[in-house]
Structure formats: structure tokens, C-alpha cells
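In the part that follows, the structures are each spelled out as C-alpha cells.
The following pair of complexes shares a single chain, chain A, combined with chain B in the former and chain C in the latter.
Right after this comes the complex of A and B.
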């Protein structure tokens, strides 16, 4: 027996976004805030008038058990990646030819065993985590600067910039992203981490660009923007102070999910030998020798980096979805 | 409609030209020549020049072509279906692509088919049983599916089903490598070889299709005409599968068109991992060997395919949904 779908009554389905559901003769402060902040429903604010939008979002996020757990795991990974390599120093590159292929979980000296050159696997994994997270975060900052900036301008002003952005996006979307990044990396000469970050940022900002544009297209027509304009606010002020704060919610979600996408992309590049070169470990280049380990007794050298990659990406995605739910409770 | 089609084809050709220009420039400004004295001190200057000329990089006097000049020459050859010669295989890129393309189409087609056949019913079931255990499970599985890149999934699959399975008392596992040379003659053998790479490619698309189908179905199920149909007293199944499904399934057409470049993207590494002799593996190897004419050829092939399938999707969409007019 199939469940009867809920009927589209009630506040969840009806009403325009950003417009209070109950219209009363006298508008309260809360309702005015609701008009200014399309992400929040008026009755929610009325229930907790002393809390702002972001405070409410944080509370909602921590009510989401899975997302909180994922955030915890992510925090452990980030902390370990930042702190442990500082303590262990160059351990990840110290070779011990007498003890290659030490099995994991056998002794405390090398908890996760050693690789083909006797280097400590755990130290290498954490060093690799550092690379992954650094690329992920810096490239997303690039997405936000390029995509956010151009998207905002295109959405606000329209015209040729808007057209150019949309056509350019069409082109990039129809290309095999991996080959694009590889071709650009090769063309800019040499494989350095900075190149990889810049190339990923320069070729991947379109999603955020489109999102930002869509947000600005909607928001620039809203009453509070007209009010600001009527009061004589300059375009810069309207963009930065009035529209941008209201456009941020989906951008934050997209940026969070973008980090995991970039980490996976960087791993794929490293796997192909187009990211940070071998003496430095990255999860991608640790996997690139997988063929020689598959049929050996050292499959753990494949399993560890692959699993680290999946856990990190999964945790980031879960946190991203948690943020989405927290910022826009209607979208559950 | 005719005007729309002409315009779309024109835009498509323009996109391809632009893309070829970008990629051509990128591969040409890459430092290092395919043949140089620095690489092999014993090679004679004259031999180097002859090799470079035979690769179409210099004119008969040994002077390298300028960038615009060589691009025009490349386009001229492209129109005649000549994509240049591979640095690595000493064969025309077109021959290489044509040898590999059928294998890739077989693999990618199978992956797409599997993804559709599993993903769509899964999404429909999840939407009509919203918040049930099956729905939750589907959500979780599709979640994990999206978070695992296809190359990691491929390595996991090989480990579990080709390596560990053989060590169990079963003493049998899926083959580690792609098809045998005469693979097409033995369908069963070919099928067994296809299982793992198809799984690796299909899981991401299953996740995407089922999520999308669920969302699309839920959106339709909340519309007024569904409520009307229910209010008339029609059976739930009839409303779900006759009234709602027909509208909810339409956007899948577009999604398939979007999925094709994604699958191709995933195939570059997946074919490499499973040693599947397709264009993806060719690209994988070309990337490792820095064999730019081949990379350029694959990119152009994929780009042309993407533009083509997007066009087909838009036309199909207009045919399927009479509300859409161009």
C-alpha cells in the first residue's frame, strides 16, 4: 500500500518565498525581518524573536545528528592533518630499507604499517590529508572569489557580462573536466601544487557563478532592494550590504560540497601523476601504484588512502547537506 | 522549430571551434617539443627536423609554424577527418579512436542502461514510499555513491571481487583485466569482463538518477491535478504511475544528456584501471605519456558528442512535452 502524499496545504507548500504567510494589519519587527531574509519563515522568527538567522541555523545544524557526527569526524581529520605533521616533522619521508611493507596494526611504532620504502603509512596519510584539505579549501576560496564576484555582477547588472558568463559556462560544462584540468596543468608547465589549485579554481567556478547570478537576479527585484535604492544607496552598497548577505545561504552549501568535489578531483589528478610530485605524499599519488599491490599481501597500501579519501569526502558532503537543511528548513 | 534547430547547430559548431582553439593553444604552448636533440644527444639535427616536419610541426624549411598558422592547418585537416598523428603510437589519431570507440560505446552504453534500469524505479519507489525504510536506505546508498569517485570505486571493486573473492573457498573471482582480444566472439566471457567496470561507472549514475527521480516525482505528487485525481477516488497506484510518472519522468531526458559527458569523464580513469581497451584508456595512457594529439582528439570527440547529445535531448524534450515550444 503506497502512502498517500501529503496534500499541499499549510505554510510549507504555499506562499511566495520571503513573504510572511499570515498577513496582519500591523507588521511586526519579525515580519519585516522575514521580508528582508527570504530564508526564514516568519512564524519561526516569531517563536524565537531574540535569535538571529545565523544563530537559528547553527542550532538547527546541531539538532541534525548525522551532520553533527560528520562534522566531528571532519574536525578530527582536520585537526590531525594540521597538528600531527607538525609534531612528527619529516617522518613521512624517512625511509627505512630494513622494514618495508610492515603490516598494519602490529606494533606501536608504525600503527598503519610502512610502505615499499619503509616510510610510515600513517604519517604519509596525514601529510596527504594536509595536501587534500589545502587544495580543497584554497580552490574553493578561488571559486568564491571568481564565481561569486562574476556571478554577482552578471546577476545584478545583466547585459553583455551576463550573456558572456552563461555562454562560457555552456562551453565548460560540455567539456570533460578532468582532461581540461590536465591540459591546462600541462600547458602551464610543471606540476606544482600552486598550479593545480589555480587551475582547479579557474576551471571550476561556474556552478557557484551560476548560483550567485540566480540569487542576484531574484533578489535585485525585491522590495528591500528597491527601498535601499530609493534611499539613495549606491550600487556597491546595495550589492555588498543588502543583496550579498541574503544570497549567501545556497552559496555556502555549494562551496562546502565544492570542497569534497575538489578533493576527489585532486586525488584523480594525483592518481594520474598531475598533482604534487611523488616524494610528497597525496592520497591520489599513493593510489597510483595500486596495480602492483593488488595481487600482493600489501593491499592495505591501497585500502588506506582510498578509504581516507572516501571518509573525508563523505563527511564533507554530510556536513554540507546539514548546512543546507539548517539554512533552509523548507527544503527538507 | 526549424529555425531553432539551425540556430542550435550553428551554436554547437561555434562551441566546437572555440573549444578546439582553446585546447589547441594549450597543447601548443606546453613546453618541450615531442622530439629534441636535448632528449637524445645522438640524434642528428637534420633527423630531428625531418621528424618535426613529418609531425606537421614545421614547414619544409624547418621553420616552426606560428600558432595561428598551425591552428588553421589543424582545422583544415580536421574538416577532412584528419586529427593528426599520435606521438606515441606513430599512427593517425583517427585510426586509434576508431579502433577503441566501439569498445567504449559498449561499456558506456551498458553502464547508462544499467543506471537507468536500476536508478529510475528506485527513485520512483522511494518517492511513493517517502520516509519509509526503503526510502532512507536508497537515500543513504545514493549518498555514498555520490561521494565515492569512480576510480576509488573501481579499485575497491577489483580488490573485493577480483582479489579477495579468489582467496575465499570459492576460488573464483571476476577477471582483473578488460576483455580478451577476441572478446566479442565470446559473449559470456565478454559479459563477465564487463561486470566490474560497468558497476564502477553505473553506481554514480544510479545515485544521481534515483535522487533526481525521487525529487521530480515528489514535486509532481504535490501538484493540484494529482490531488484532484485522488479526490475523484482513483486508486493510488493509478494516480502514481499513470498521472504523476508521465510528467515526472520527462526531465530524465535532459539528465541523460548531462550524464553522458560525466560517464565519459569517469570512463577515462575507470577504463584505465580495468584495462578496458576503449577511448578512455587511450586518453588515460595519452595523459600519462603526454601524447597531446591523442588528448586533443579525445577532447574533440567528447565535445562533439556532448554538443550532439544535448541537441538530441532538447529536441526529444520538445517532442515529449507539448508544453514546450521553441
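Right after this comes the complex of A and C.
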């Protein structure tokens, strides 16, 4: 260590009279620690819980009454859709010609009545819920994989890759969704649920893709990314471990809201006869089967699937809004 | 002393709208093992870019166009990325100016230090965490076990910089590059952090390249100093030598512009003019437009860094001594 002659400036300039020279050059590491500790102690909040970002978000979410209620309703719908059809088995397709159009809320055997072929309406609704939720979730997973992956690559690497991927995105955005569904259905020889899921995922990922790209564009310039690189982290590691967890909040919100959008889309396709083929029920094809009853008798056959659709979509949207508020309290 | 790092004729250029910026324009710098070398200069003089060039962490539009960076005799320029990743964080670590943003907000500091260790050593997370707690204790953080479980936002700026230092030193690197490590901290914390670095340097035996614009920090910390101006080193000398007898007009101006306690001054000394536009550096010596000496030849030719001081280690790039 160079013995620098005392300079008439700087923090080590001999100390001002009356000021304890705590920080003089001569203290040892241990003394330094001893000095550091009282200051450290003073800013401790005794007993204050130490909570991470996600724990705090969960707490904020459950302080949000509407969102919590919506989550509860959604949980009931999901649980019923998953569990009940397992118990009732093929009930949704059992036809009872002696009891068609049984009105709802009349007896326990068919709480929500029966349809034109005497099939139990509740069983069909729950079976339809399965279809809706499955399409919603699988297609959103597709959004996340395609949009998330491409967006992350475009945002992180930038340059020509970004340009190419963004132009590709522009092409996807300009695709006529309905025509694609019809064309793919025709080309693959029939109406299939997998077609619906794949086409929705393949044409709808751009929003999450752009969101992810925007996140990565901002985050890759952050100093902690530079610091991670300086520590010897690889690109893959930086993308997955350092940037992705920081980019997730808006992606989660967008994906949640995406599920309800997809469910409505699937219902529309079902209504047009391009979703799951009969006798499998979906909310969309239930609506189209009984649309003529809307303003006459048996209105319930339209009301029930429509209500199920609206309640589910609304619950998902409210949960999504709750997540948004929980993840970014400033945005309220 | 053997040389740990030898930078030879390093040129780094950036392509921007309007042309090419020669951010680093022929830097020569030697860091002996276990030494502390200061790199001073004003904003935009190329100090940070020199450091980032050594680490090969330049932005995409920046490129090392010429020169070598020898670390243990191995040229880092042109080394494959995988090997460079091995060296980063393991043999050469870096700490940054802003402790507020240099830590990942979604992980606990313990996890982050453990990760830094595990990037270079084959240990499990448990061992990494133990090392993290040990490092936090070493950098003077009380109750390190509890602190390791906290998130960056729960720590003060000074503590975060301690965490950064703990992270950088967790692999016992031979060279620590500190890019203005105290600029963002308030003065009392600055002094603590500087002293911590000096003490830990003794314990870990790392050499330090300290980048700063604060000559007071240099005086306290460094064995030798290099002064940068417009991408070039204009003077290099052992610290006391430089402060006692600065040779380059720029260094003289810098030292004269420091306020002194106890000496009543109406105005501080000012170096007239401003740093040249990096897109249009004048021919010859870049400092000439602001230079009080304006030595002959300096309008045409760039002066080389030569021993012109009282000792062989005192190098200066100025035509007035030719």
C-alpha cells in the first residue's frame, strides 16, 4: 500500500477537531465491523416480517374483496368441471325420450332440467365447462410458449432477430382468424377440438409476445443484468433466471385475461359449429342448438349456457384485474 | 512484481448515428498482482469503457478494434465466449456504481451470492448459502444469516454495496474492477466502503482496478494512478508522485481544481473549455484546445506515453517534455 502523504482534502484529511475519527485508515477489519454494526442495528424493524415480492402480492390479492370472491367462484366452477363429470360418467349423453324439456328447479333428479333429447342439462353444462376450461388453459399455454419464447428472444437479442420476429408478428396479427379455422378444419378433414386449440394458440400469441419483448427490452438494460453477466452467467441463464422472473407480472395478468378471451372465442366457434363435434357438449354448441328457444318456451336451454359463459369469463377477468392490482399497487 | 493484467494499445469503438466514437483510443495499462490501480478522468473519458472492454461486456454497437488484454499472459481479446464466461466472476469480478439497481430485485441476497459461487464452483445450494452468509459476515453485515434471507429492497444503499462486494469477492477473484463503487453513496458510507475494500483486499489478495473521478478516493486507496482524457491515458504514476509533481497540464488542472480545507479561496480553479465532441476529436493532442501550454507539435501529432517524470514509473503523454 502506498504511503500517501497527508493531503489537504478528502475524507482522511486528518479528521476535524471534535469529530471521532472512526473511519481512519488504521482500523482493522474487525474494528470496521464493530463500527458498522450499531448503524445496522438501528435500521432493523424488530419483528417486521420479511416478505418477498410474490408473498406480498398474494396478501394484496386477498385484501381485494371482489377478486377474492371471483377467485372463489372460479374455483367452484373449475372444481365442479373437473370432479362432477368423473362421478356422473356418461350421464351427459344418456337420452331419455320420455322426459324431454323438463323445466329446471322442479325435482332433484334433473336440477337444471333436460334438453330436447332428455339429457341432463347440469351434466352437459359441466361437461361443457371442461371443454371451455381445457381450451382456455391449453391455448394460453400455447400463447406463453410461442409468444413468451419469441418475445423474449426478440427483446433480449434485438437487432435483425428482433426485426424478423416483429415482422412475423405483424403477419400473424393480420391473419383472418375465422378463415384460418375454417380452412384448417376443411384441410384436416373434420371438426376437432385439437384444431381449435392449435389455431387459437398459433394466431393469438402476439399480444403476450409483444408484452414479453417490451419487458425484455427494458430489463436487459438493467444494471443487475450487467452485473450477472460480469459474474459469468450465460445468456440462457440471464434470460431464464434473471430477466424472466422480473418480466412475469404483466405476463401473468395478460395470460389470465387471455383465458377468458379464449373461452369466449371457443364458444363463438362452437356456436358456428367449428369446435368440439356433438354429442360432446360445449357451451357454444349448446347455445347454437337452442337459439330458437330464446324468446319462446324452454328459454332456460339458452340462459344456462350463456350464464355459465358470462360468469366464467367475468370471474376470470376479475381475478385478472385483482392480480394486476396485487402485482402493481401503483396502477390502481 | 509480476503483472496480473496488461492492457496493450487497446482501441474500443462505438458505432452510433453520425459516425464512430473512439471511446478508448490506445490505452496501455498494467496492473501488478495485489496492487490497487486508480483510473481517473471526467465523464466520457473512457474509463468505464476500458473496464467493460477488459471484461468484454461491451454493448452490441461497441467493438474492440485493436489491442490486447493480457491476463496472466493470456489474451482476453478474441477468447471464445465460453472461456470468457469462466473468467468473469471467477478470476475477474466487477462491482458497479449503482448498488440500488445492480441486485436482482426478485431474489434474496443470499440466493444471489450463492448463485455467484455456484456459477464457478461445483457446490450445492446449501454450501453456496453458507458461503454467502460467511461473505456477508466478512463485509461487516450484522446478523448475516437473517440478512441473507432478505431482498435487496430491504437493505440500505451502503448495505447493498457491501452485498455487491461480498458477491464479487465470493469466488476470491485475482482482480476486482470497481467502477465508481462509492459515487452513489453518501460520504460517511463512502469512507466505510472504501476502507472495507482496502481491508478485504488484504484478506483476499486481490488486485483492484478502481475507476473513479474522485481524486480524494484515489489518494486514499491507490498505489498508482492513470489519468484518462478523451480515450487515452495522459499520465500514469505512483500515487504520491502524481500528487506531488503532476506533469501533464490536464492532471495539473485537475489537482488545482480541488477545494482545500483551511485555505480561503474566492473561486476554484477551472479548466477552461470542455471535453471534445467524441465524434470530432481534434487532431494531435486532444487536450490542446484547453491546454495552457499548447506545446509545439501537439496540433499535429498525438503524444506517446513516455517516462518523463522523476522516476521511470512516471509516464506522461505531452510534447512539452520531448
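The criterion applied here is as follows: the second predicted complex is superposed on the first by the 261 of 332 C-alpha atoms of A that agree within 3 Å, B and C clash if a C-alpha of one lies under 4 Å from a C-alpha of the other, contacts with A are read in each partner's own complex, and residues count from 1 in each chain.
The rule is simple: contacts are C-beta pairs under 8 Å (C-beta built on N, C-alpha and C of every residue); 3 or more make two chains touch, one makes a residue touch a chain.
What you are looking at is a predicted structure, and each value in this text was computed from that prediction instead of being measured.
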Kindly classify A:245 by the partners it touches after superposition: chain B alone (first), chain C alone (second), both, or neither?
-> second
In the overlay, answer first, second, both or neither for which of chain B and chain C A:227 touches.
-> second
Looking at the overlay, what does A:130 touch: chain B (first), chain C (second), both, or neither?
-> neither
Could you say whether A:210 touches chain B, chain C, both of them, or neither, answering first, second, both or neither?
-> neither
Which of the two partners, first being chain B and second being chain C, lies in contact with A:306: first, second, both, or neither?
-> first
Using the touch definition from the top, say if A:179 reaches chain B (first), chain C (second), both or neither.
-> first
In the overlay, answer first, second, both or neither for which of chain B and chain C A:53 touches.
-> second
Overlap of the chain B and chain C footprints on chain A, residue-wise?
-> 1-5, 7-8, 13
Along chain A, where are the residues that touch chain B in the complex?
-> 1-8, 13, 170-171, 173-180, 182-184, 186-187, 189, 260, 264, 267-268, 271-274, 287, 290, 294-295, 299, 302-303, 306, 309-310, 313-314, 317-318
Along chain B, where are the residues that touch chain A in the complex?
-> 15, 18-19, 23, 25-27, 29-31, 128-130, 132, 143-144, 146-149, 151-152, 155-156, 158-159, 162-163, 176, 218, 221-224, 226-227, 230, 236-237, 240, 261, 264-265, 268-269, 273, 283-284, 287-288, 290, 292, 295, 298-299, 302-303, 306-307, 310
Chain C contacts chain A in the complex at 36, 55, 57, 60, 85-90, 93-94, 96, 98, 101-108, 115-116, 119-120, 138, 140-143, 146, 149-151, 154, 156, 159, 164, 167-168, 187-188, 190-192, 194-196, 198-200, 202-203, 215-217, 219-220, 222-224, 238-240, 243-244, 258-263
In the complex formed with chain C, which residues of chain A make contact?
-> 1-5, 7-13, 23, 25, 27-29, 32-33, 35-37, 40-41, 43-44, 50, 52-53, 158-159, 222-224, 226-234, 237, 241-242, 245-246
